[in-house]
């Protein structure tokens, strides 16, 4: 199935969960990321909740790789920015008149941890859920078919844009277009490079719309599906519990903020 | 099965009519080829038969187009999907992008038609076997070659079991491998006899092998309509910008030099040419 | 202008070896047909000539230029390239501006650009559509437009990648006439095509590729008559060759005229025995 999906096909229980259950987890972790009070809580959520879930989904290694690949630049930049520019008492070292404080650094790390937890929730979903299964679960709950189509087709077609952009670059170079040079020269490249991309894509969109019509996409009435999504009472309960927990966390956070 | 009565069509914003007063009737199960110079209106005719003209392109229609007893102008594109299937040149653009496997892609049309899941599974498996796509069933359609993608496109339409299958130059952009594979499928579909096939094609020797009947378009008008053998060997094809097969040309030259006896129809295919020259 | 491919190999980033130690020497003014199935390396080979790809090993010479010393845009002054899909190049709002793009990039004076543009449009038969928007034209016309853009650059070497796809009989004849005309002007032409009958009308030399190697390289009538070799490369022989072989005629006629000639000679010989 590859294509360019992040989804990894495994036989885990997490994979077998209904897409909405996994989506519920994502939202729950998003709330955790926003509402948990400190670095310790956030790291606990990552290591004691997210990581075990990733393990349950047999995607531990890719999960770790992707989270740290994304979060590392944030850790570095936030540490530096907050470390130097957020006030604090304990100075770790100084550069000129700029003092790097422990409290500042902690603040930076906390923001990075929030991103990590939110990201973790999204990664868990993407790694274990087929996009078409997710879209199907949503359309069954009322998401417009056209919106679902836009999401799914964008995932598959966007990489082709990149391929085509490369071909266009080659074609225009073969017509004597010099690439590189100063900013003005590079700006001039915009039209001959993006022009064919946009115009040919418009032609393609028209043909694809015809193909969709030929497959009855605009037919009113219920659509059936090849894919079977298994739900259960237990999962519905789980989603409800997660919803309550999420609301609870938000309430708690808001309440402590006003203390 | 499908017929046009004094049918004319004009694209929006254009002065001239792309199709002018066409009268034709294609019976169920027939294999009808359309030929003509570029710009003669072959694609437009495909659109007229499948309802895209006028329902997709808007524009002006005069005369009538019938699918069985129903007027095509009264049916929507959604109604026509599953009745008349259209396959066009660009294989890539016919992949919907909504599904991630070949199997899913083929099922897509059936899902839209609201078929019960069990029937979808059966039909998809049937079509995969028929089109020799079974070992590609779990691959992403975007990883396939042009010829394979075109086969998936045809499979996706065929799974909907249309009464009429219209193919607009399906192999123009394919290499010889892909062309062979697609023509084999078209041949098989026509031999099964349950689908009316309309094929627009430049390669005359292919039409000669499979078509019962060939219609010639010129500047939006129907100028010739007859058996494949008669039409494809006609000398008028050269004047109409369509040309002849090299076999016909060789036979014509040989006939003028009195090297072969004058045949009733010039040969169009390799086999026919061999028979003449032997 | 000559083109020389000297012991060239090419390996893609993915590790796929697309070309394996190719040697090809093309003299000035030759028209060479390059045939083979998809994946044989034809497009990879010709992209080395205008610098879109650089050889992993070996050297490519265009005239006295070693391609590795020049950018693609610089090589474009010597090598014109017609890509298979015209929609990957077209962006201007009129046919005329589109065709003028190439020569203008090459630095010709405005007067020369205008003249070359007109001439190219005339050759492809689009002069009366000079102010039309390319996307208001049909695909086969856009293909001719792309051809005009390449012709307008007026280069000594030209590469054509599947020029006859999507054209009707009139379009094919027109393109054949253009190629013949270029040959008369002593241009060096490389032609990639699946259509051996088309090649037979314009090329004098043919190269057969398979699996990144050259299987054959020689005069076109000799190469196109070697059916076992062509089969190895998954290419079908020209129609007249197939007919001649069915009838067990000696010789390898490529066109109907040549066929009838061969046939008549064979019949005469048989009459005498």
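Note that the chains are named A, B and C in the order they appear, and that numbering of residues resets to 1 at the start of each chain.
Criterion: contacts are C-beta pairs under 8 Å (C-beta built on N, C-alpha and C of every residue); 3 or more make two chains touch, one makes a residue touch a chain.
What you are looking at is a predicted structure, and each value in this text was computed from that prediction instead of being measured.
Set against the Cα centre of chain C, the chain with the most distant centre is A.
More C-beta pairs touch across the A-B interface than across any other pair of chains. We define each chain's centre as the mean of its Cα atoms; on that basis chain B and chain C are separated by 29 Å.
Measuring from the averaged C-alpha position of chain A to that of chain B gives a distance of 44 Å. If each chain is reduced to the centroid of its CA atoms, chain A and chain C end up 47 Å from each other.
Shown for chain B are the residues that touch two or more other chains, of which there are none. Within chain A, not a single residue touches two or more of the remaining chains.
Contact with two or more other chains is made by no residue of chain C. Chain C meets chain B in the complex at residues 37-38, 138-141, 165-173, 194, 197, 234-236, 239-240, 242-243, 246-247, 255-257, 259-260, 263-264, 267. Of all residues in chain B, only 50, 52, 56, 76-78, 81-82, 85-86, 88, 90, 92-101, 103-104, 107-117, 120-121, 124, 138-140, 142-143, 153, 156-157, 160 touch chain A in the complex they form. Chain A makes touch with chain B in their complex at residues 1-3, 5, 130-132, 148-149, 152-153, 156-157, 160, 204, 207-228. Chain B makes touch with chain C in their complex at residues 36-39, 89, 145, 169, 172-173, 175-177, 202, 205, 238, 241-243, 245-247, 249-250, 253-254, 257, 259, 270, 273-274, 277-278. Taken in their complex, chain A has these residues touching chain C: 164, 167-168, 170-179, 191-192, 195-196, 199-200, 202-203.
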